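Each of the next two complexes has chain A plus one other chain: chain B in the first, chain C in the second.
And then the complex of A and B:
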């Protein structure tokens, strides 16, 4: 190309490369404890707001760690009848239920060949410490089937040392398939309503097929059952982060 | 309803009652009402003026107060008379007081005798022909009539009932909420009448309540939350036994 004044064209430096650092841009994993999300109903939202204020108050004084179903926890409670006035129990969390201040979680362990399940309230003042010993999620939200599984899957050492993990790592999902005791079970876990992926069913084919008779394929399309919590969650997360920083 | 913990670690269930725009509407003197004490008409919960007929608007116009959904009477002694038009707040009650709560129970519609009165019914099998939830016999042979008030199927619920002697655990002055022990008749968000307890055991229980009521424009400055002495407050560390 020949420019108008006969000189060679001015050197245009190449555009600077834009470096997108994907590691630092990874979204921070934001965990909202399930008991903060209000259930669907006709209650005044003011009631949930006041309950949340109390829950935040408690969380400021006492640290409730982030945990899911499948984690192994050690809980120390105040016990007036124990010699040391406190009681420590280690177990795997099989279920988290309840909303608001009455939120509970059930810990299961097998002690001296006897299965023991204790249901603790998260916000009870008698709980003195909650430690997460092992972090791992399971394939299901509800591990009640461990009652009918072989006892080896529910035994955890009482003096287990906490497994260390880095803060920014994702919580690993344990894809363990649990083997069950022979039937009868407390619930028919092969039925599709429980939607369990963590059991290795050793039942004959015709029984598994017969269980599929109870599928309700219309459930996933039922619009009245949809409860979209994304916006509510955002608001609650904002509220929580503001209050906890104070 | 919500759980509440005491300092010794026990859990109690608590109902939250909100005091929503309560105003005193009229003072009826003892001679006028014909009862033993003077009466105060109190109205709760504001509502649009189109929901009530014009004839009902008079009381509210006299008191200078927006239309209320419900108007109740309280029997009051002569030294507790309040001027019509004063607003009533949750701070009228104090933690540690005992209270009676009246409300209309949840309506269950037309119900049979087993649900309504708790009859046992009949067995499911062993030859029963078409008789499993029926009342059975309704009177004797000698009576030759059915007595008045015989328990029979009918409309159940939607009547006024009172829970007596409920303890007040906590009061939130900012949002006007009373935390009352145990359960209360009625569905969620229904209108409820809260009164000082008339049970003889709690006759001398109120130690210095605000008398005749809590006035918001007075000099008293109350903290946002008033707790009973036994409540575990979440600002304290966890409970330990010694």
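And then the complex of A and C:
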């Protein structure tokens, strides 16, 4: 601009930078592995405390990554009967069960037209490495229906490269609706007890209606089945963060 | 109607022959069935020998995988797999494409010839 007095124009300070504090945002969302949460019961909490100490010890030595049902994992275990003494298996996690040190997860894959499932224990000293190859959650917590689905939904390449993850915030949910083999299935997945959202049911209308006969609408209002884990989770998260920083 | 396949292998279970022998792969109007398990209990797990009835003949076979979940870290297959075998332990087929559990290698002495023709291990 042309200055009025011949002096240089007034100094305009640069705009202030906007600081996004990522640390506070990160602390809002933290993953607590489901095997840390003790089951509802009348056992002494001391037992779960001792187990948690052992679990934290193992996690300090060996990194167990965060994963959910529906992720594709590659697990290397030590095997005395395998060549090179170690054995690598790639598969989709269909179920996570057990609490405490006996926590397990089941990986499924279809190799040479044969479906194979292996149940691994998370805290077993035989496991040498767990890598997450593909991160995606599915619509359900339990993918046991993949046994009755077409085999293409359970095949994963053994040499697939890990898919890189851009955002450290969200895990994408795959809203895939799986097509099934013709009935009979191992379990009647159309019944509301399993509450499965990830299957494309191609059954006739009257069969779907007949399956709704087994709804138990009183279950969600049953007070004796309530188990509020928020306070327990807070305590365990605090404990974990203290122990892991030591 | 057809009953669902049984979990561990016992008498009258229908099995799937997994090697490339002619006896196992030629179609027949009846599926191969187990008629005896060479075991103290009548239940066969991986590594047990059984007697099979195929195409009207009796043949011995070795179990290489079943639908029953075993101990953790052991694989569980979606079908009951079996490899045809002679009385002395020699396999009849020449190749096994389906994956075989590593736990069979424990008894390397008895099953060395079967393990030699296996391609994939789990």
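Criterion: the second predicted complex is superposed on the first by the 216 of 246 C-alpha atoms of A that agree within 3 Å, B and C clash if a C-alpha of one lies under 4 Å from a C-alpha of the other, contacts with A are read in each partner's own complex, and residues count from 1 in each chain.
The definition used in the following text is that a residue touches a chain if its C-beta (ideal position, glycine included) is under 8 Å from a C-beta of that chain, and two chains touch if they have at least 3 such contacts.
Bear in mind that the values here come from a model prediction, so they are computed numbers and not experimental data.
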Would you mind checking whether chain B and chain C clash or fit side by side on chain A after the superposition? fit
For A:184, decide between first (touching chain B), second (touching chain C), both and neither. second
According to the stated criteria, A:79 is in contact with first (chain B), second (chain C), both, or neither; which is it? both
Between chain B and chain C, whom does A:46 touch in the aligned arrangement: first, second, both, or neither? first
Which of the two partners, first being chain B and second being chain C, lies in contact with A:111: first, second, both, or neither? second
Mind working out whether A:100 is in touch with chain B, chain C, both or neither, as first, second, both or neither? first
Touch test for A:89: chain B only (first), chain C only (second), both, or neither? second
After the superposition on A, what does A:147 contact: first (chain B), second (chain C), both or neither? second
Considering only touches as defined above, state whether A:170 meets chain B (first), chain C (second), both or neither. neither
For A:121, using the defined touch cut-off, is the partner it touches chain B, chain C, both, or neither? Pick first, second, both or neither. both
Chain B to chain C: minimum CA distance in the overlay, Å? 10
Which residues form the common part of the chain A surface touched by chain B and by chain C? 79, 121, 124, 126
Residue set of chain C touching chain A in the complex reads 4, 65, 69, 72-79, 81, 97-99, 102-106, 120-122
Okay, in this complex, where on chain A does chain C touch? 77, 79, 81-82, 87, 89, 104, 111-121, 124, 126, 147, 184, 186
So, in the complex, the side of chain A touching chain B is made of residues 41-44, 46-47, 50-51, 54, 57-58, 61-62, 78-80, 85-86, 100-102, 121, 123-128
Under the definition above, what is the set of chain B residues touching chain A in their complex? 2-3, 5, 9, 11, 16, 18, 172, 175, 177, 188-189, 232, 234-242
